[in-house]
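So that you can tell them apart, the chains are marked A, B, C, D, E and F in the order they are listed, and the count of residues begins at 1 in each.
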Amino acid sequence: MPKEKKLAIYPGTFDPITNGHLDIIQRAVSLFESVIVAVTTNPSKAPLFTVSERVNMIEEATSKLENVTVENFSGLLMHYAEKRNADVIVRGLRAITDFEYEFQMALVNRKLAGDIVTVFLMPNEKYTYLNSTIVKEVAKFDGDVSSFVPQNVHENLIDRFKNE
Amino acid sequence: MPKEKKLAIYPGTFDPITNGHLDIIQRAVSLFESVIVAVTTNPSKAPLFTVSERVNMIEEATSKLENVTVENFSGLLMHYAEKRNADVIVRGLRAITDFEYEFQMALVNRKLAGDIVTVFLMPNEKYTYLNSTIVKEVAKFDGDVSSFVPQNVHENLIDRFKNE
Amino acid sequence: MPKEKKLAIYPGTFDPITNGHLDIIQRAVSLFESVIVAVTTNPSKAPLFTVSERVNMIEEATSKLENVTVENFSGLLMHYAEKRNADVIVRGLRAITDFEYEFQMALVNRKLAGDIVTVFLMPNEKYTYLNSTIVKEVAKFDGDVSSFVPQNVHENLIDRFKNE
Amino acid sequence: MPKEKKLAIYPGTFDPITNGHLDIIQRAVSLFESVIVAVTTNPSKAPLFTVSERVNMIEEATSKLENVTVENFSGLLMHYAEKRNADVIVRGLRAITDFEYEFQMALVNRKLAGDIVTVFLMPNEKYTYLNSTIVKEVAKFDGDVSSFVPQNVHENLIDRFKNE
Amino acid sequence: MPKEKKLAIYPGTFDPITNGHLDIIQRAVSLFESVIVAVTTNPSKAPLFTVSERVNMIEEATSKLENVTVENFSGLLMHYAEKRNADVIVRGLRAITDFEYEFQMALVNRKLAGDIVTVFLMPNEKYTYLNSTIVKEVAKFDGDVSSFVPQNVHENLIDRFKNE
Amino acid sequence: MPKEKKLAIYPGTFDPITNGHLDIIQRAVSLFESVIVAVTTNPSKAPLFTVSERVNMIEEATSKLENVTVENFSGLLMHYAEKRNADVIVRGLRAITDFEYEFQMALVNRKLAGDIVTVFLMPNEKYTYLNSTIVKEVAKFDGDVSSFVPQNVHENLIDRFKNE
């Protein structure tokens, strides 16, 4: 019999959080009792924002959502998820290229922690082609990204790029 | 705040149910308080099995899973889901071609009933390329499908094709 | 040196025209001097609306656009395009499955009439997963398609399905 | 240790054979000691040409290639392949939509006859988007398909459609 | 009513220009009154050729085409396009992976400058799988790229790699 | 007439070899008289293991397979293949993203050495989403990769990451 209250983890780099991410968080909140937005500290590429900046921006952007907490983690997602006693990993599915990478990660994660289920959610179609990389590219060259990210992130992006 | 107990609907034609479908049902059962496997009666193509045969085969194959019921429905999925007061639509994601059709349906369904969330689950990789059509093709020509479908479905397939 | 005034043909089945098609027509109108929306009469599958019904619905839906005419054609698109002395074939690109079929047709068409250029336009993302088939499926079961098709098409769909 | 002489089967509907199929056959001939082009008699859709017409057209088109024979088969490919003691199934890979179907068939075939290897060959890029269906569509409406099919097939297509 | 004379911009890195790019330029020239090939100076990766080398190679390769000019630009494409008063952005579509990136860019660009239309053109199928990266990889190891790039680019590549 | 004994080359980075690679090697061995696993020394990215470490790990993992040798090569694959007088290039096909890259390389290779045939083999579906990069990511953070790689590679990965 399933546990009464489900804990879901929504992992990512969130450099920075976009309106597409927020859309997924809202859906996850409607499905599960508590949702942890988990910011990875693994140094993949040089991020634009530090881990604590990214955590802060997400906390501000999700402050009105109950049952959402924001954390950071290092190492393997599935080790972190097991330590937190999570039931679900939430992933956004946008486009085909996402799809294959997500499949790969979900299959590996299942090998590593078989009883944690990966659940895919689809954002509103207006966010289908949105990701953090393109937001940074546009913001870097003074393009208007106000419809792509939360207000606080918009300000942080302007601030970050104003002296370039 | 989300409803305490979640009702999920897993819709399909299930002509017949395969081990890939069963795998998705088991994942859904671990996530949500109750799961309805909903067999569509819409006459898309001429099915091999009648709706009641398909319902019976699923009932037998899921008899050991608590909290699973099997029903049939006609008309639009979202109208049926609203009538049942469902919270979630569950869909299996296998391959790319699934992906686009599922996206399309999820976006349309969202327009029709915006507060029901579509959740995608991924079956075990050994079921990635399995579907009912290929099972029927193989069974029709006396191929062995015992590793693709539950035992009771296997027997029904042999029986159905034995006089062809 | 290119001809001064470009004639573009936007071919399709249009059974019925959707808001996604209209979006493509508007983009084509902004690019080329005249646009013919060309409804194929080739009997692929049994259409829901007759050719003249389809032509009429498009004429009503495009009545405010200058330089748009609606015609029907039979036989090969490229023979028709040559007869009309067209410069451009316009096609909408929505999703990956479109993509391969469109590539195939464009390559064949180029073999048949090499100096007519196929141009792909992308509709607004809110129409990415919209097509005539899904509109008919939803309308058939009394789903609300008013955000997917022009008002006159909506009425025709209700009328067509009211006695089913 | 592998068998000295390899027998490869290249199965298909070949309704009719195209230059893309011929390209794959030539590659297979350079790799394996003998190649059987195997025409399926399974009544999928109503074919344009009968099985014996299709076999004859392939025989004419491959008459200059040594070590190629043409046969027809019914039932499951893998049962036929085992009866012929084949080592290899050859499949052409053109585009993404092929890809998923081929994967599916290859995985099912492996379950049915594990020691027969499926080998994928890629035709010349000029045949990437060519298939029998599009050839028939173009020929039906008097389009020129002489660059898509062997000369004898071209004549047969003209003959078949001349009274439509 | 649309502007009489259309200005199209064909943006890219062109490091270096290939025969596939040239093919797209020729199609664009046949459609629009003037075409600017716009070389980005944004330092994505370390390019093999400087911006002025890339501009020069394109100028030589397009010297016989009327109405083509070559420029470089920095910053956001849409800001540059607005400054130039362009009507159209031209993009080549080759394969699926292109497709998703192009969709993403076109949707973002539409948000940034809604009245500039992105138009996708398809090169000849023999250039389907050609890009600048693979040309450089082959040339670097003394492979023959003479069928992939214009003659002047071929010479520049040999020259560039001769001392490696 | 084809050469009696076929020599196949299976090229790659193999940083490190996985069970998916081994699966492909076993299929290639059953098809061709001799198979060279060819480790590229081209410095793409900084590899985790040196060329000689990678060669050694493959030699150990394939020591029970007759007719397999392991070599390294630099420069263009097709130049190396011609020098070795190879008949076949073997490539594994897993997912869609592979597919386009492989198509591209096969088409270029055909231009460079037209009589060497590229053959695609499909690994067991349990390796569909496995590659060296994901193995290294998991191993780096102490995840268990024992089901993804041969035993000797597993030990080498533990050893390599133990002091990080």
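Just so it is clear, a contact is a pair of C-beta atoms (placed from the backbone, for glycine too) under 8 Å apart; a residue touches a chain by one contact, two chains touch by 3 or more.
Just so it is clear, the model here is predicted, and its values are computed rather than measured.
A.B. asks: Name the chain whose C-alpha centroid is farthest from the C-alpha centroid of chain C.
C.D. replies: F
A.B. asks: What chain is the most remote from chain E, judged by the mean position of CA atoms in each chain?
C.D. replies: So the chain farthest away from chain E turns out to be B.
A.B. asks: Compare the contact pairs of A-F with those of each option in C-E, B-D or B-F, and report the one where over half match by residue number.
C.D. replies: More than half of its contact pairs match A-F, so it is B-D.
A.B. asks: Report, in whole Å, the distance between the mean C-alpha point of chain C and the mean C-alpha point of chain D.
C.D. replies: About 34 Å separates the centre of chain C from that of chain D.
A.B. asks: Counting only Cα atoms for the centres, state how far chain A is from chain B in Å.
C.D. replies: 30
A.B. asks: Would you kindly tell me how far, in whole Å, the mean C-alpha position of chain C lies from that of chain A?
C.D. replies: Roughly 39 Å separates the two chain centres.
A.B. asks: Hunt down the residues of chain F that sit against at least two other chains at once, touch-wise.
C.D. replies: 96-97, 103, 107, 125, 128-129 - these are the residues of chain F that touch more than one other chain.
A.B. asks: With touch defined as at the top, which chains are paired up in contact here?
C.D. replies: The complete list of chain pairs in contact reads A-B, A-C, A-E, A-F, B-C, B-D, B-F, C-D, C-E, D-E, D-F, E-F.
A.B. asks: Sort out for me which residues of chain A touch chain F in the complex.
C.D. replies: Residues 42, 75-76, 78-79, 96-97, 100, 103-105, 107-108, 111-112.
A.B. asks: Please name which positions on chain B make contact with chain D in the complex.
C.D. replies: 95-97, 128-131, 134, 138, 141-144, 147-148
A.B. asks: Give the list of chain B residues in touch with chain F in this complex.
C.D. replies: 96, 125-126, 128-129
A.B. asks: Mind listing the chain E positions that touch chain C in their complex?
C.D. replies: Interface residues on chain E, with respect to chain C: 1-2, 6, 27, 29-33, 66-67, 87-88, 93, 96, 99, 103, 106-107, 110, 115, 117-122, 124-125.
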